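Just so it is clear, A, B, C and D label the chains in written order, and each chain counts residues from 1 on its own.
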Amino acid sequence: MSKGRLEAFSDGVIAILITIMVLELKVPHGADAEALRPLLPVFLSYVLSFVYLGIYWNNHHHMFQLADRINGRILWANLHLLFWLSLVPFVTGWMGENHFAPLPTAVYGAVLLLAGVAYLILQNAIIAQQGQGSRLAAAVGRDVKGKLSAALYAVAIPSAFFHRWIAGAIYVFVALMWLVPDRRIESKLNR
Amino acid sequence: MSKGRLEAFSDGVIAILITIMVLELKVPHGADAEALRPLLPVFLSYVLSFVYLGIYWNNHHHMFQLADRINGRILWANLHLLFWLSLVPFVTGWMGENHFAPLPTAVYGAVLLLAGVAYLILQNAIIAQQGQGSRLAAAVGRDVKGKLSAALYAVAIPSAFFHRWIAGAIYVFVALMWLVPDRRIESKLNR
Amino acid sequence: MSKGRLEAFSDGVIAILITIMVLELKVPHGADAEALRPLLPVFLSYVLSFVYLGIYWNNHHHMFQLADRINGRILWANLHLLFWLSLVPFVTGWMGENHFAPLPTAVYGAVLLLAGVAYLILQNAIIAQQGQGSRLAAAVGRDVKGKLSAALYAVAIPSAFFHRWIAGAIYVFVALMWLVPDRRIESKLNR
Amino acid sequence: MSKGRLEAFSDGVIAILITIMVLELKVPHGADAEALRPLLPVFLSYVLSFVYLGIYWNNHHHMFQLADRINGRILWANLHLLFWLSLVPFVTGWMGENHFAPLPTAVYGAVLLLAGVAYLILQNAIIAQQGQGSRLAAAVGRDVKGKLSAALYAVAIPSAFFHRWIAGAIYVFVALMWLVPDRRIESKLNR
């Protein structure tokens, strides 16, 4: 099985998800600045989720460049990842409309955590298919960054019930961790 | 006519369908667990339909790898399949919002049955185009799995009016039948 | 400029249009047959528009197989066609929700007519780019079918104000004219 | 990293944006001409935004034909551009539904300005990756047209609060500037 169509399908789903999120930014009826104010938290959560989906698309892209062939396990591991990503627009809207209330903020983190775990499962499925001398396994190394992200989400979820801004800060930090360090930190993190 | 553009178009439609279904998961106004509870049946029917569309995408992908050329009959048989699949978000939302009430649950099964029949028509159109010695015909064999699925849907539809959970269990069973058996059962089912 | 990306973009837009039309089929609140009845005209107009968009995708696909290079005029003629097609979901929903009332039925025909004219403009742009000995010009011939469709829409639009079913019958007839005749009639119609 | 998947992803996002904008054209309940009248400003702003997204798709297409390789900076500059474009449906709907009121008209211009700046950042990222003798730098020249557009948006935004039609006229003029001049003006503008 060729990987081209799996990549194209995943790109399609992520492109749609990143775009339909904006439908949660409901057009307000008023035409003044007051009308925009309640949209601010929705907008902020939209920006955060846009960055997360961009990171997933980017990493997915890199990972499949190192993949060789697709088997049934990889295919379903990929659909499993897309499933959790497909819930991102819902939890983004719920967190934004409720001004980062504890439960929606925790559920947002839970969906990020499950998407992160699904990503690791997909990564393992590709490594298992490649067997010994896997190019992906060599590139990923100990995957400190992937495991650290999962650990940080696991801290953020309960913290949303104490101080929601701790959870929010962790989500922003994890996103920045994937965005910013291109050369120096990356080499240290074995990725 | 090349099959690349037909595959890309079908991928696009299925990617959009699998994604817009999540729009039926309307963002609740409350921020507590109570607000999520009425969404549970909608979520469950979303999971089921996500798996079904994933199975269709997967099977479509495999089938067209064995297709050679596209003619008008194959093209319209493919659009006919996409038509029934395009109704999946509607029946998913209707069944979920009505907590698996009899009629929506039966209509859900009817759309699955019609999509299954459309798939068989498409399969036959490709086999007819290939003529004798068709690679697809050899791969499909007697297609026990495809015919068994259609028969099970035909049982599920009336059973929804007696015990809706029988219908639900059949839908889950058919999905698992396509998901789980990768090696042993498949060889027995001639597929 | 390569034609691959123009084809992929057009496929994407048509795939999305054919899919978001189904969002006009709003999930009813009731769970009985009564709840489905008001959706019948919306469903019928959805089927009609699905077939029309399928025909456009099919014809677009064939036409660009005969195209060589893309210039600015072809690119914008293509976007002009996509613009009118993008209004199909709107007029489909308006006609369906108003049970084929005169004005929406006439406006539906007007959008079909303008899409048809845009298609002819696009066809001419490709023929002009190819110059003498154009492969597309040879394939299209006198394009009786394209011109007849435009003429029939022009008859259907005013007739919607007298007997809306005349307009409806013409829309169905034009769709069938493009769907059904694959060999015999087509050769007579020079296409 | 190959540029094919970045182009396909960008095409997907722009195709979806250009299409979901039409969802702001809400199907009216009435079936007479009166019911259409309040949709006129929404329709006009839809036409304007359709043309703008078409111009961006067109220019994006040309620019990446001159790109060689994709690095992390180009990838994120591209996502940054898609982010601002993703807000176009929102500001289009807001401007249209409020009949070109001052604030929405100014915000529409601000999103166009930010998308234009993002486009220039992306252009610079590609030129930086190509280094000396960049093919894109040679093609773009001094980029009078890009800088003039940004300047015109900067004029339009405050003018929306004095005479909104000045802002509207500037938006139309910039669009026409990119649409119309194919040969003569373009060579003078070094693009």
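In this text, contacts are C-beta pairs under 8 Å (C-beta built on N, C-alpha and C of every residue); 3 or more make two chains touch, one makes a residue touch a chain.
Everything numeric here is computed off the predicted structure, so don't read it as measured data.
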| item | value |
| --- | --- |
| Both-way neighbours, i.e. chains that touch chain D and touch chain C | none |
| Shared interface numbering between chain D and chain A [over half = same, under half = different] | different |
| Whole-Å gap separating chain A and chain C, where each centre is the average of the chain's CA atoms | 38 |
| Distance from the mean Cα position of chain B to that of chain A, given in whole angstrom | 27 |
| Chain D, residues touching no fewer than two other chains | 8, 12, 16, 20, 23 |
| Category of the chain touch graph - line, ring, star, complete, other | ring |
| Complete list of chain pairs which touch one another | A-B, A-D, B-C, C-D |
| Residues of chain B touching chain C in the complex | 1-2, 5, 8-9, 12-13, 16-17, 20, 23-24, 72, 75-76, 79, 82-83, 86-87, 89-90, 93-94, 97-98, 101-104, 107 |
| Chain B to chain A touching residues, read off their complex | 7-8, 11-12, 14-16, 18-20, 22-23, 25, 27-33, 36, 47, 50, 54, 57-58, 61-62, 65, 179, 182 |
